[in-house]
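You will see subunit A twice below: alongside subunit B first, and alongside subunit C after that.
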Partner chain A sequence: MKKAILLTLALALALTGCSKGLTIFSNYRRIENIELVRAFTADAREDGVLVSIYGTAGEENDARMVEKSGPSLGTAMGELLMMPLGREAILSHTENMLIGEDMARSRLNECLDYVERYSETRLDIGLLIVRGSSARDLLKGLSGSDPSAADVIAGLANHLDRVGEGTVFTCREVAVSLLENGVALVQCVRGVEEEKLFDARGDLNIEPAGFAVVTEDGQTLEFLTGEETLGSLLLLSRLRSKNLDLTVEDAVFTVSLEELKTAYEPVFDGDGALTKMKVRIAAGAKLVSLRGVADVTEKACREAVERALSERLKAAAQAAVARSQALGLDFLDLHGVTARKHPGKLAALGRDWSEIFPALPVEVEVEGALRRTFDIMDSPEIAEKEEMTPWEKLTESLKDN
Partner chain B sequence: MLKKEKAPPEVAENAPVTVAALEAVFETCYDFESRDLHIGGDASNKARLCFLDGLVSGSDVAEQVIRPLTDPDRFAGVRGSQAIARLLGGSVYVYTAKCRETLGDLSADLLNGFCALIFDAERRAVTFEVKSPQRRGVDAPKEEKVVKGAKDAFVETMKINTTLVRRKLRNPHLKIREFPLGQRARTSAVLVYIDGFTNPELVAEASRRLEKIDVEGALTSAVIEENIVDRHRSPFPQVISTERTDKFCMNLLEGRVGMLVDGLPLGFLVPGTFSQFMKVPEDHSGHFIVASALTLLRYLSVALTLLAPAFYVAVAMYHQEMIPTRLLQSMIEAHASVPFPTAVEVVLMLLAFELLQEAGIRLPSPIGETVSIIGALIVGQSAVEASVVSPVVVVVVALAGIAGYTMPNIDMGSALRLCRFLLVLAAIFLGMFGVAMGCALIVYHLSSLESFGVPYMSPFAGSEGRHQSRALLRKSMTVKRDREPELKTGDGGEAKL
Partner chain C sequence: MGKADGITQRQLTVLIFVSLLSPMIRILPTSAVVFAGRAAWLAPLPAFLLGRLLLAVMDAFGKNVPEGAGLADMAQTALGGGLGRAFNVLTALWLTFYAGFVCRSAAERLLATVYPNGSPAVFIVVMLLVAAAVGAGSTKALSRTAEVLMPILVGVLAAVLLSALPDVSAERLLPVTLQDGKRVLYGSLPVFNVLTVFVYFLYLGGRVRKKPGARPRRFPWLAGLTAVALGVTFFTLGTIGEHLAVSMENAFFIVIRNIKVFGVVERVEAVVVAVWVVTDFIFVAALLMIVAEIWRTVTGAKKCAAFVAPTGVLAGVAAFFIAQGVFDFQKWSDVLIPAINLTFALVLIPLMCAVGKLRKKY
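== the complex of A and B ==
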C-alpha cells in the first residue's frame, strides 16, 4: 500500500507540476477573481490586429468590453488578458469569435491558429464573419444589459439552424474543411438597426448575411446569399427546418420542411472516369398555412404542391452547385463524398480534383413530399394509402444505396 | 496513602470442589450467597447451596431446588454420593443438572446463572440452571428497520438469540459451537453455520480466529471485528454486523458463517464483501425491480458522497472550464462576497457537518434531532447569509452528507466519510489529478482486501464476470439464482432464497 501511495503521489506531482503557492497544482485560480470571456472579436488594422473581449463575472449585468491592438492576434490577446483588470480573464467559456471582413480576407488562418494553439480556447468556438462594419463595432453595438451581447450572438447561432437561414460552423469544422478541401464556408452576420429579432437593448441587432467562402491561403473571399445559401445547407445536410412559400395556381402554400435526406452517387464509366455526380434529395414537408382556395385532400392538389416544392429545392441546390463550380471551389465537399464512397476509383482517376470538379455534371433530383396538411379531412387514417407514397419509395431507395 | 489491596486469589481451574475454596474465590463478592441445607430435613445431613444473587431466580431456587431437597419423603436418609445420584436423576425439578468436580467448572456455572449444591465430603457439587428471567425481551430492530419484514431483533442474551435463529432455521444441520472469549470476562460466543453446506474451510478458519482472540473480555463488537478480520487497519468494514435475525439467517443460507456473542445484541457474519454492505433487508421484502433500482441508487450514493465535495473543490479551484457557463457565473457571483478560498470553505463546511452529526448522535434522541434540524436549517442559512460560505458549497456538502446517510451499514458510511476528507485534501492540492489518484488508491485498497479468503470487491473483482449483476440487481424470487461461487457452498449450485 505504501508503494502504491508513493507511486500515485509521484504521478500526481509529475502531472500537476509544483507551484510556488500553497497548492501544488499550478493551475490554481480563485473563483471569485475569474472573468469569463463569452465572445471576442478580431479586426484587421493597418498596424496589426484590434482585439476586443466581451467578459462577464457573475451576472451578465456586469458584462464589459475591453480592447487592445497589437501586431498580431496572439500579442494583442496576450496583452489584453494580462491587463490589470482586477480579474483574470479566461477563454475556456468563449462561445463565438467574430472577425471582421478584412481580417477574414487576409488573416483568417491566424485566428484559427490562435484558437487551435491556445490551451484554454475550445475548438468548437463558433466562427462568424461580420459584414458591413467592423466586428468590434458590431459587438459594441450589441452590448446591452439584457440579454447580453454574447447571448444575442448565441441566440442567433441557435436560431439560424431552425429557420434555415444559415448555420454557424465551428473553428474545428472550418479548419478541417480548409485542410481537406482547401475551402470552407463561414457564416456571415451583419449589424442592423431595425427589425430586431430579439428584445435587445443595445444599439444594434444582428442578422444572418449568408455564407462566406474562404480559402486556405486567405486570398479568396466570396459570399453566398439567398438560394445559394439554401442550396448549400441542403447539400451539406445542415438544414434542420425552413418555411417556404410555394405558389400553385392561385393559392400560396407555406410549407415547413421537416425531414431532409441527401444522398450522393458518383457515377463512373467503364474506363473508370467520373462522368457525373447524382444528388438525390428527399424532402418531407408539412403545410403551415394556405392563402387562397385549394383542396389539399385532393391527390392532384397535393401532387402539385409536391412538384412545386421539388422544383424550388432543386433550383436552390443547382444554384449552389453552379456557384461552387464557377468559383472552382468545392465547398460542397463533393470530393469528400466521392472519396468516402469510391476511394479506389477516385485514386485511379489520375487527374487532380481541381481539374475534374469545375466541369463535373451534377444531376440533382429532388423528391418533395407533403406529409401532413392538418386538414380536418386529411387525418392520418384518411390519408393512409395502400401503395407506397413517393416519399416512402425514395426513402427505401436511399436505404438501398 | 492508599493501602495496597490484596490481590484476588487465582482460581485454580482443576482444584477440587470445596465450600471453603469456592468462598475464597468469591470472597468480598457482594452478590455471592451461600447457606446450609438440611437434606431430607435432617440437621445432620448438610449440603451447601451457593449462587450469585441476581443471576438466578430466587423463586426457582426455592421451589425447584430447596423444597424437594428438604422434603423428608424424598431425601430422608439419603447422603453423599447417593444424594448426588438422586439429584442428577431428576429428584429436583430443574431441567439442567450437572455434576462438577473442579473449581473452575463450578465457578463458570455460577457465573452463568446456575446454583450449586456442594457436598464437601464428596469433593463434588451438583449445579442447577435457574437463570433469572430478568432480561430484555425481544424487540423490533432499532437501526435496521423495514416496513415489510420480521420485527424481531437480537438481544443481549445469547440463549434468546440462538433460539431466534433456531426458530427461523429449523434444520438439524444448523450447528452452534461455543467459544469462551476473554481471559477474565469469559464471555460466551458461538459460531453458527449449516453443517454440510457452509464451506468447511471457512468454518475452520472462523473457529481458528475466534479461538485466537486474546483479550480480557469481549464486551464490545470491535473486539470481535478487529480480532477476526484480515486487515484490521483498513477503515472499511469486513464483518457484516446486523441486529436483524432474518438478515442473519438469510446470510447463513447463502453460506456465510455467523457469530453471536453474549451481551451484544448483534450477529456477526463473515465473509463480508463490499456488495454485501450495500444491501438492506428491505431488498428481499420489496418488489425486485424496485429493490434493484434502490440498490443502484445506493451505488450512486457512494459515488456522490465520496466525490461530490472533492469534485467541486477540483473544478472550482483548478478546472473552471469543466463547469457550464451559466453555473460558473452563478458560482462566481455567489462566491464574490465570501472571504475564504474555496478550499477553506469546503473543509469548514465538512467539519461543521461532522460536528452536527456527532452532536446529533451523542445527545438524547429528542434533543439530538433538534440539534440536527437547527444545525442544518439555521446555522446553514445563517452561514450563507453572513457570507461565510457560498450557497453552492452548502448544497454540495449537504448532498454528499445525505448521500452518505443512504449507506445501509454505519461502518461503511464512516469509512466513506473518512475517504471523502482525504479526497477533498487531494483535490485541494492536486486538483482533478488528485481526485483521480485518490480514487485509484481507494480502488486499489479495496481490491487488495480479502475477507476470509474471499476478495472484498467480489463479484466486481476476483470473481466470474457473469455474477456481477448479482450485486447490482435482484432477481425475482420465482427465478432460481446462482449461489455466490466465492463462498464455495456444499451444493455449489442454484439457490432460491
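== the complex of A and C ==
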C-alpha cells in the first residue's frame, strides 16, 4: 500500500516540467534553445502589424534582427517567437516595447491587451513611442553588437530619470491611467544620427522626445513639448532629478533639483462650486556649478537664484496645465486629486468633469530653495577679489540671515 | 474511527486555514472589486464579522454534542434516521461535486497563468490521485501536513505581498467614503462565502479530541484568513487599480508576476503557484475525507477509506463535465457554486442543527 501511495505521489513530479521524458507539459525548454527577448518593436502596416526583435543566432551567436508581419500583433508575435533565430524566443524578461506612431494611434489597446493577456509577459514592460521613424528602423539603427540595442534602450530609461527629460511609464501604468482617466502619457523617443551617447557601433542613437498623450479610444495622439513634459513630471511627482541653468544678473547658476514636493488643494466656494485648483510645489536644489560673478554667501544672491528657480518651474507647470486644458484631457489627473481630497463635494457638483476641467483655474505656486552649495561658497572670481577672514565671513553671513 | 486518528482542535483549525487559502486567493480580489470597486480592500472586514457570527452560531449548536460525533451524526440524531440519512447523502453529493469544482478551478488557474499549452485533464487526474491517496489515510497525517506547511505558506505570502509594496499607490485605493459602505458590504459576500466553507469541516468534528472544559479555538483561522484576504485585495488594488483588476481573471497573479526585489530577484510567481498547488491539494484531500466520513456515518461502516476512491472518481467526473470552456466554468464559479454553497453552509446545515436543538436531541 505504501509503495502504491509513493508511486501515486511521485506522479506529482510530472507537474513540475523538470524532466523532458516524463513531463506532461510543453513548457520544458533547454537553456541553449531559448532567446530572451529584452525589447521588441511593433509598427502598424496597411495589412496589419510588423514586429521585430533583435537577438543572437547560430552556433557563433551572430547578432541579427528578425521581423514578422501579420494581420494582428498576436499572429505576428506568435510566428516570430517560434521561428526566428533557430531558437525559441520568449518574452518573460522583456523590459521595453517600442511602438511606432501609427501603432500608437491606431492599435495601442491591442499592444496593451497582448501584454496583459500573454502568459509570459509582465505588465511592467516599459512602453515607448518612436517618433520620426518606424520603431523597426530605430531598432535596426541601434543594433550595434556592443552594447546591444536592448542595453541602449534600457540605458535610456535610466538616463531619462536622471536627466529629468521624461520617464518610461510601464504598460501597467498606461493601462491603469487609460482605464481610470481615459488618457495616459507615454514616453517618446527618436533616433538620431549623431551624438552617440550609448551606442558606438549602430547607425543611430536614441534620444528622448517628450511625452505623447494617448486616449483610451485610440483617437488622440498628441505630443508635449520639452517644457510641457517637464511640467507634467513636476505635477505628477515623477521628476527624480534635473539640472537647470538659471541666469541671475550676469551669472549662470546650474542647479540640480533634489527634493520635490507637489501638493494640490481644490478650492470650493460656499455654494459648493469648484472655483480653482491650487498647486504648491516645493523644490529644493543644490548648486552644481556657477559661471560669472556672484556671491552665494549673500542672502540676496541666493534669493535671486531661488526666485529664478521658482519662475522656471512655475512656467513649466503652467505650460503642462495649459496644454492639458487645451486638449480637454486630464492627463495630470486633477480629477483624481479632487476625488481623493473632497469626494463628497466632487460628487455633489452634479457636472461632468469633462465640462469643468477645461475652464478650471489652476493656480501654481512654486517655492524654490537653494539648500546646498557644497564646500565652495563663493564663485572663484569673488574668492580672488575678497580677502575676508573666516571670522569676518561668518559674521557677515550671520548678518545676512 | 479509532482514537489513534484523533486530531486536536488546533490541528482542525490549521487544516481549515490552509484549505480555505485556496479559494480565498482564487476569488480575490476580482469578485470583491466587482461589487465594491476601489473600496474592495475593506470588504474582508465585514466578512470577518459575518464569519465570526456564523462561528458563534455553530459553536452554540455543537456545545452539547458528545465526543466522537460530527455533523453527520448530528444530522441523523436531529432529523431522525431516514431524513437524517437523506440529508447526509444530499450533502455528500454536493461536497463531491464541490471537490470536482475545486479540482477544475485549480486546473483552470494553472492553465490561465503558467501552463497555457497544458490540458485541464492532467491536473485534475494528478490532483485527485494524490488527494485520494492522502484522503484515504489518517486525518492526523493530513492535519500534520497542513501544520507543517502553514508557516511556509504564510511566510511566502507575506514575503510576496511585502515585495509588492513599492508598487502600491494610495491613489488607487482612495477615496473611500461612507457612501461606499453598502458596496463594501456587497463586496464582502464573496469573501464570506469562502469563510462559510468551514462549516463542512465540522463533519470531521467527531475526530477532534476534546479536552474537558476547552473551548473551540477557531478565531485564529478566521482572523488569519481575513488578513490574507485583506492583504491580497489591498496589494492587488493598490498596484493595478480597480478597473484593471476587475478585467483580469487572476489579477493577484499578474501583480506577483511584476515583482522585482531590489532589481535582482524577479519572476517569483513560481512560489505562488506552489502555494496554489499545496493549498488546492490539502483542500481537495480534506473534502474527500469529509465526504467519506459522511458515507461512513450513513452506511454505519467502521472505516472511511473505502469511500474515498469512489468519491474521487465522481469528483473527477464532475470536474471534467462541469463546463466545456472557461466561460461556462466562470458561470459556475461566479453564480451557481456560491449560491449552492451558501444554501448548504448558511441555511440547510444550521437549520438541521437548529431542529436538533429544538427537539432537544443534544
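In this section, the second predicted complex is superposed on the first by the 337 of 401 C-alpha atoms of A that agree within 3 Å, B and C clash if a C-alpha of one lies under 4 Å from a C-alpha of the other, contacts with A are read in each partner's own complex, and residues count from 1 in each chain.
Going forward, a residue touches a chain if its C-beta (ideal position, glycine included) is under 8 Å from a C-beta of that chain, and two chains touch if they have at least 3 such contacts.
Everything numeric here is computed off the predicted structure, so don't read it as measured data.
**Q** With both complexes superposed on chain A, which partner does A:Glu259 reach: first (subunit B), second (subunit C), both or neither?
**A** Neither subunit B nor subunit C is touched by A:Glu259.
**Q** What is the contact status of A:Glu180 with respect to subunit B (first) and subunit C (second): first, second, both, or neither?
**A** second
**Q** Once the shared chain is lined up, is A:Asp124 touching subunit B (first), subunit C (second), both, or neither of them?
**A** Touch partner of A:Asp124: subunit C, not subunit B.
**Q** Give one of first, second, both or neither to describe whether A:Ser92 is in contact with subunit B, with subunit C, with both, or with none.
**A** In the superposition, A:Ser92 contacts both subunit B and subunit C.
**Q** When the two structures are overlaid on chain A, which partner does A:Gly344 contact: first (subunit B), second (subunit C), both, or neither?
**A** second
**Q** Please work out whether A:Leu36 is in contact with subunit B alone, subunit C alone, both, or neither, and reply first, second, both or neither.
**A** A:Leu36 sits against subunit B, while subunit C stays out of touch.
**Q** Go through subunit A and flag every residue that touches subunit B in one model and subunit C in the other.
**A** Looking at subunit A, the two contact sets intersect at 4-5, 8-9, 11-12, 15, 24-25, 27, 92-93, 122.
**Q** Under the touch definition given earlier, write down the residues of subunit A that touch subunit B in their complex.
**A** 1, 4-5, 8-9, 11-13, 15-16, 23-25, 27-32, 34, 36, 38, 56-60, 90, 92-93, 95, 120, 122
**Q** Which of the residues in subunit C end up touching subunit A in this complex?
**A** For this pair, the touching residues of subunit C are 112-118, 122-123, 126, 129-130, 132-133, 137, 170-172, 174-175, 177, 179, 239-244, 247-248, 254, 257-258, 260, 266-267, 277.
**Q** Contact residues on subunit A for subunit C in the complex?
**A** Residue positions touching the partner: 4-5, 8-9, 11-12, 14-15, 17, 24-27, 92-93, 116, 119, 122-124, 172, 175-176, 179-180, 333, 336, 339-340, 343-344, 347.
**Q** Inside the complex, what are the residues of subunit B that reach subunit A?
**A** Those in contact with subunit A are residues 316-321, 325, 328-333, 335-336, 338, 341-343, 426, 428-431, 433-434, 437, 440-441, 444-445, 448.
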